[in-house]
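Structures given as structure tokens follow.
Presented sequentially are two complexes of chain A, the first with chain B as partner and the second with chain C.
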Partner chain A sequence: MRWLGLAGLSVVALTLAVVLGPAHVAWADLGRSPIVRELRIPRALLGFVVGGSLAVSGASLQALMRNPLADPFLLGLSGGAGLGAVAAIALHLGGPWALPLAAFVGALVALALVFRLGLVGGGGGGGAELDPRVLLLGGVAVGAFAGAVMTAIISVSEAAQLRNAFLWLWGGLSGASWYTLLVLCLYVPVPLLVLLAAARPLDVLALGEEPARYLGADVTALKRRVYLAASLLTAAAVAVSGVIGFVGLMVPHLCRGVWGQQHRALLPASFLGGGALLVLADTAARVAVAPRELPVGIVTALIGVPLFALLLRRWTAT
Partner chain B sequence: MRRWADRIHLAARLLVSVAVLGACGRAGDRQTAASQASGALTVTDDAGHRVTLPAPARRIVSVAPSSTELLFALGAGPQVVGRTTWCKYPPAALAVPVIGDGLNPSLEAVAARRPDLVVLYRSALNEAAAAQLARIGVPALVVKQDRLEDLARAAQLLGVVTGHSSTGDTIAAAIDAVLRTPPPPRHVRLAFVVWDNPPMVIGAGSYLDQIAGLAGGVNVFHDIPAASATVSLETIAARDPQVIAVLDDSTPVGEPAYTARPEWQVVRAVRLRRFVHLPADLFGRPSPRTAEAVAELRRLLEAWR
Partner chain C sequence: MDRDLILALRNVSARYPGAAGDALSGVSLDVRAGDLLAILGPNGSGKTTLVRMALGLLVPATGTAEVLGRPATAWPRRDLARVVGVVSQREENLFPQRVRESVLLGRYPHLSVWGGERAEDHLAVARALERCDVTALADRWIRTLSGGEYQRVRLARALAQEPRVLVLDEPTASLDLRHEMELFELVRDLVDAHGLAAVVVTHHVNLAARFADQVLLLDDGRSAASGPPTDVLTRATVERVFAWPVAIEPFDGRPQMIPLRKPSP
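The block that comes next holds the complex of A and B.
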């Protein structure tokens, strides 16, 4: 029943995204209009995959860090991606794909740095252990540093366009096309399956690292695998849609309220819930103030935060 | 970190809207009172403050490209002793020392030029800066320069304070004449796309919308009151402009990068590569060469009429 409801919500979200929009398309033309075929459908599907990826990544990181505040962008990826995007503009890297690619590379560099910082003991060799607390601190530090370098470049540079890098970074799904969707769909399944396969060990890890070890989980490998997969998923999301907040933080908590702590159910539910929320938010962003468009991250916060606050009240009341 | 980034973002937006496109603000106080008692003069600026100078300004720091260009057009170029990094027109302005990029101006850098007048474009940040300058005894003039009619008034105001009031009147009259000239009868529907992701276009609040109208074009986003706005790509596609106007900065001139993006092919003007390239020099800000800008855009649109 719960699953049916979630599936229904996803279908409704996708249908609304295709039917509604600032441009008027007659019902009879829905199948033929290039606006629907080339813009709305790929954008809805891309939003669904991005929202789902962010939510799964957030749920996994919250389990890994054993911290309810963990969010896909907490670990420095937004700073790295932003720096990459600004560098692409400052260096006049041409081509239609320069910005997303540079953001992706920037996110990967931040990821590698944070990962290296997070490895504690064993001199960085095979014996090193990923420490979630150090990972968290390292992520915040790397993100802040990347953000500072980015702002420094913008302050001393004379290209007016550079300021638009911020618009892109907080942008949304404007860059959606069948091509971006295809690229994302070729990439996303691998980290997604890695995380889904880690569902059982993540349940065990929730008991604490020592108990998990006693129960036979390879905690060292698990932490690395989950961190890398979740970050690679987020890096891809940031490349196609910029930094979209709250989805990765809130959707896992909302789903925990309904599905409980079992990751075997929580991760797929987060994927569907995150996808549906982002698609609904993007539809609202396109339609609410038409012909203008709101940044989708603002809408996810406007829809998600009151919902979240309501549930938070209900949970803490019992 | 996010809060910090938000703030930077806000500042960046502010600059995008203020320095590049021109902020949209409420109509300012339109009174100018110049009293000519013993060489001293008093004017009311666009923030509504009365500014008194003992004599026409001799050392002026200009904190906006549009006022720098205007000051040189007035013949007050030799009186300009400070400019921003963005002030690159006319070429003679390049010889003037730079005081910063004009975003949240460094008051020390401004004061170091020992100005007897600072000219700022109108924004909340700059009104605060003007108040601080006044406190250290430097007269500061806040001037609105978002629309073409603002420019006519700015020309008169700056003409008075620099001692070139007759040139100021001439420039203002020329701009008024351009504004009164009827546009060519057959309209070309166009959109100004200033950024591609997210797509940003120029609305009715911008001087570019005015220039388009005067040159016989119709901005398809004229219904948006703001100077610029983020819109959905499908809105651009549905409004189907005949041509897309592109502001060319110093960056490589040519077809914009989004021309190669698959999702932009839905916009007919992009698919058919119908672009008009506007030199940023002439179209990047409201300028005393408005007549030239209108004539140039009219010529560029002729092919699509």
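The block that comes next holds the complex of A and C.
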């Protein structure tokens, strides 16, 4: 029943995204219109994959960090990606792939730095361990540093560049094409499967690292796998769509409320829920101030923050 | 007729990096099926270090720590979790969960990566809930349990692993008299009725003396004495190790300790 509801929501979200838009397309023409075929459909599907990836990444990181406030951008990836993107904009790098590639590379550099900072110990006998608390601090530090450099670049650049950079930082799916979708669909399944395969050990990890070891989980390898897979997933999402907040934080919590804590259900539910939510938000972003367009991150924040505040109140009340 | 030797530590030593002395030196212990072993000792005497070593989380600097004849650190964690069930000192409950789900986590070492829970898994959970007398709590949220109920649920989770030995690290640390006694009675029953072995780390000298077959008394990383409670818990030994005057009185054939007031000068 709840799966059916979620599937229904996904279908409705995708349908709305195809039907609605600033340009009016008659019902009869939906199948033939190049606007629908070349713009709306790939954009809707891309939004779905990005939203789903962010939500799965967020759910996994919340379990890994054992912190309900963890989200895909907590660990410095947004800073790295933002710096990459802003650098590409400031350097006038041309071509449709310059910006996403620069953002992706920026995210990877941040990921590698934070990972290295998060590895603790290993000088003596035992191997180095990924320490979630150090990971968190490293993420904040790397993110802050990248943010500072990024702001420095923005502050000396021209007005038009400034506007582009600013809009990019709030996220958007306007770069969507069948080609972007194809690239993403080739890339995303690998980290997604790694995270799905980690569903059961993540259940166990919620008890803490030592209890998880006693229950038979290989915690050292698990933490590395989940951190890397979730971060690579986020890096791809941020490369094609900029920084879209709140999907990765909020959707997993909404799904926890309905599906409980078992990641075998929680991760797939988060994927569908995140996909549907982002597609709805993107449709709103396109339609609300047509013919202009809001960055979709603004819409997710506008919906997400009040909803999240409500959830927080309900939790703390019980 | 030698009962199965499940845990065997021979002459193990441990030293933490940067520490002045050894955390453990030259300690040995044997745990056989049907044995309840209590590990006693003051704070910092090496009890938890010893347990972590027996559970393969710490490599002995010298000596050997073996589970079923194989070095504890050589076991894949999954395989080890089917032999040893642990109730650790602490665990987290970050996201709300129900008792049944939490006990089901004990089936983790028996489940495959992609497969679902099988009938035998639900059966094992039901059996574990029953044995620990928490079947009635199965649909309660973990956070609504009392301390005593929660410890029984955690024991049920360890039982759902279907292990051959249970290791409990200070399982009654914050329990009142009744819940403390109930937990020790439960562990004793499990050992007697199901041929399990159990290792209980505890501060309760008297409970150890009442319930355990063997006692290992640690003092500053060394074994002060080990053997049946009557042999280990003598006045001289207990006073020396705990640095406090005590009287030892027999009760029900077991030694019981009464701490004395410091004599006035």
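Note that in this section the second predicted complex is superposed on the first by the 293 of 318 C-alpha atoms of A that agree within 3 Å, B and C clash if a C-alpha of one lies under 4 Å from a C-alpha of the other, contacts with A are read in each partner's own complex, and residues count from 1 in each chain.
Methods note: contacts are C-beta pairs under 8 Å (C-beta built on N, C-alpha and C of every residue); 3 or more make two chains touch, one makes a residue touch a chain.
If you're wondering where the values come from, they're calculated on a predicted model, not measured in any experiment.
Novice: Classify the contacts of A:G143 with the two partner chains as first (chain B alone), second (chain C alone), both, or neither.
Specialist: After superposition on chain A, A:G143 lies in contact with chain B alone.
Novice: Which partner reaches more residues of chain A, chain B or chain C?
Specialist: With both complexes superposed on chain A, more residues of chain A are touched by B.
Novice: First (chain B), second (chain C), both or neither: which does A:L215 touch?
Specialist: The second partner, chain C, only.
Novice: Of the partners chain B and chain C, which touch A:G31 in the superposed model: first, second, both, neither?
Specialist: In the superposed model, A:G31 contacts neither chain B nor chain C.
Novice: Between chain B and chain C, whom does A:V204 touch in the aligned arrangement: first, second, both, or neither?
Specialist: Second partner only, chain C.
Novice: Touch check for A:A98: first (chain B), second (chain C), both, or neither?
Specialist: first
Novice: After lining up the shared chain so the two structures overlap, which partner does A:G260 touch, if you call chain B first and chain C second: first, second, both or neither?
Specialist: second
Novice: In the complex, go through chain B and note every residue touching chain A.
Specialist: 1-2, 4-5, 8-9, 12-13, 15-16, 19-20, 85-86, 101, 195-200, 221, 223-224, 226, 229-235, 237-238, 249-252, 257-263, 265-266
Novice: In the complex formed with chain B, which residues of chain A make contact?
Specialist: Touch residues, chain A against chain B: 21-24, 34-35, 38-40, 42, 78-79, 82, 92, 94-96, 98-99, 140, 143-144, 147, 151, 154-155, 158-161, 163-164, 166-172, 174-180, 245, 286, 290-295.
Novice: Within their complex, state which residues of chain C touch chain A.
Specialist: Going through chain C, the ones touching chain A are 17, 55, 57, 59, 76-82, 84-86, 88, 90-98, 101, 105-106, 108-109, 111, 113-114, 116, 161.
Novice: Can you list the residues on chain A that touch chain C in the complex?
Specialist: It comes out as residues 66-68, 123-126, 197, 200-201, 203-204, 206-208, 210-211, 213-218, 256, 260-262, 264.
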